[in-house]
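When the chains are written out, they are named A, B, C and D in that same order, and each has its own residue count from 1.
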Amino acid sequence: MDAENRLILNCGGVRHETYKTTLKKIPATRLSRLTEALGNYDPVLNEYFFDRHPGVFAQILNYYRTGKLHYPTDVCGPLFEEELEYWGLDANQVEPCCWMTYTQVRSGHYTSIQQSFVPNKIRGLRAFPNALFPLAIIPFFKKSIFPELG
Amino acid sequence: MDAENRLILNCGGVRHETYKTTLKKIPATRLSRLTEALGNYDPVLNEYFFDRHPGVFAQILNYYRTGKLHYPTDVCGPLFEEELEYWGLDANQVEPCCWMTYTQVRSGHYTSIQQSFVPNKIRGLRAFPNALFPLAIIPFFKKSIFPELG
Amino acid sequence: MDAENRLILNCGGVRHETYKTTLKKIPATRLSRLTEALGNYDPVLNEYFFDRHPGVFAQILNYYRTGKLHYPTDVCGPLFEEELEYWGLDANQVEPCCWMTYTQVRSGHYTSIQQSFVPNKIRGLRAFPNALFPLAIIPFFKKSIFPELG
Amino acid sequence: MDAENRLILNCGGVRHETYKTTLKKIPATRLSRLTEALGNYDPVLNEYFFDRHPGVFAQILNYYRTGKLHYPTDVCGPLFEEELEYWGLDANQVEPCCWMTYTQVRSGHYTSIQQSFVPNKIRGLRAFPNALFPLAIIPFFKKSIFPELG
């Protein structure tokens, strides 16, 4: 039962596998609309080919698997956002822990710091990005690291 | 002898291999309890399939191989902790060098900074996270970088 | 039609796939000049072999796919620049968001901070590296994190 | 000629390939001493199996390929150093650009900051870690980012 529901996505040469039902979780996106009639479907290998970054794609698929959009930290924000755009995904859905990596670069520069930084879906939210947390906590530990400097 | 003891774990399309004995090292977890009777076992390919993040899984398996839980730094803490939960692993076992990446996000916000930050198993320990070390050492080098600014 | 245009690049054991037309996008480089007469072409497997870092190569190919050169952040700048040199690519083409990772290490030390940091192609440009943005925005949020400290 | 000299290293399930001559570049290490008589050699698949981290191994092999030891930044220093030890490599050979990631954790804590930080081979050297460079250069740009704040 399991095997029939499986699907191979050859992304830049690296084979990713998931369930067909997983791809339906985020509707109206490139991956939710795959059909074997597409030009990039290979009936012999029974896979879809995409000429895209294979490593970043793991993070794209993870969004379908878990329902949460996290940014990878091994590539810069703009690169990931270009991939999100290709896959038809909404960068505004990024989780709070990844706000720091989120950047709006549509116009090539930052028009307004406050506005560009916070994604639409989370305006007014009181949660704070986890990514900042390590920086914030340093003062608390300072004394215990270098007591002789304190 | 070696080959019989081997096992293939297809995680999101990427084949990982390890020894069966390696998976027994951390008992009462999803991977230590694998049996061929499971629905995700494929007798033809002789492998287990999991619809999860293939890259992060390398770090999960490394915990079994080395007995030490290190966080990857190419994904954010909450993403990794969701994977830990899926695999039935205890985030509290994280090594001191990875404390900075460790975050407790169960309630969606930080109730108490001091309490949430330090994992249970290491409370009261005097060792200090390696991740902070680079930040701490900067002042020592400052003079040798920009002597003209000193 | 699709399959004929495809090409397999075995980089350090990991198979990457792309379109032949993709490799023509950046002319006069190692990848744009591939021919089956080369010693590293394998007619049986129909692939080219390169004894190079397989992970970093995803970022190299992404440059051909998107036309934008982004630095990976899972390896240090000098390592990536050595790969760029091998593939005959110009490190000066790096996107503004990755300037922070860009380093000129030809002489083994920094002769001039201002000059070595900014790539030739972007001198005088007013855009600012996204990578700095997170650091710059911290003060705005400081009060809302630790109101009791403010 | 090329194919005979090739070698497959199955590291945790991921096949890495390199030239036999590449592995001879760093003598007296686990990889330079491989022979088909070893228990982990598979004559059918013509490969060697190692139950280790597949991603980190790309960085290990890169040391053999380029002669330069760079630390990956997607895993913490201690994890990488445990891999270096397994492969019989000397962490002291790390390049200056990766000093920040280099940590001596043999005794479980830092006995002396100045001593533990700088690898033996580079004591007294005047070059400065590239990793610190981004932090150092921030003040120079500060004015051009937020002229209204200056």
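As a working rule, contacts are C-beta pairs under 8 Å (C-beta built on N, C-alpha and C of every residue); 3 or more make two chains touch, one makes a residue touch a chain.
Every value quoted in this text rests on a predicted model; they were computed, and no experiment measured them.
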item: Degree value of the rotation bringing chain A onto chain C, based on Cα positions, nearest 5; value: 90
item: Chain copies touching (chain A, chain B) - same or different residues, decided at half shared; value: different
item: Farthest chain (mean CA position) relative to chain B; value: C
item: For chain B paired with chain D, centre-to-centre distance based on mean C-alpha positions, whole Å; value: 19
item: Separation of mean Cα positions, chain D and chain A [Å, integer]; value: 27
item: Per-residue overlap in chain A, given as positions that touch at least 2 other chains; value: 14, 55, 73-74, 128, 131, 136
item: Partner chain D, residues of chain C touching it in the complex; value: 10, 12-14, 39-40, 42, 49, 51-56, 73-79, 82, 100, 103, 105, 108-110, 113-114, 117, 126, 128, 131-132, 135-136
item: Of chain A, residues touching chain B in the complex; value: 1-3, 6, 8-9, 14-19, 22, 55, 58-59, 61-62, 65-66, 68, 70-74, 95, 97-98, 126-128, 130-131, 133-134, 136-138, 140-141, 144-146
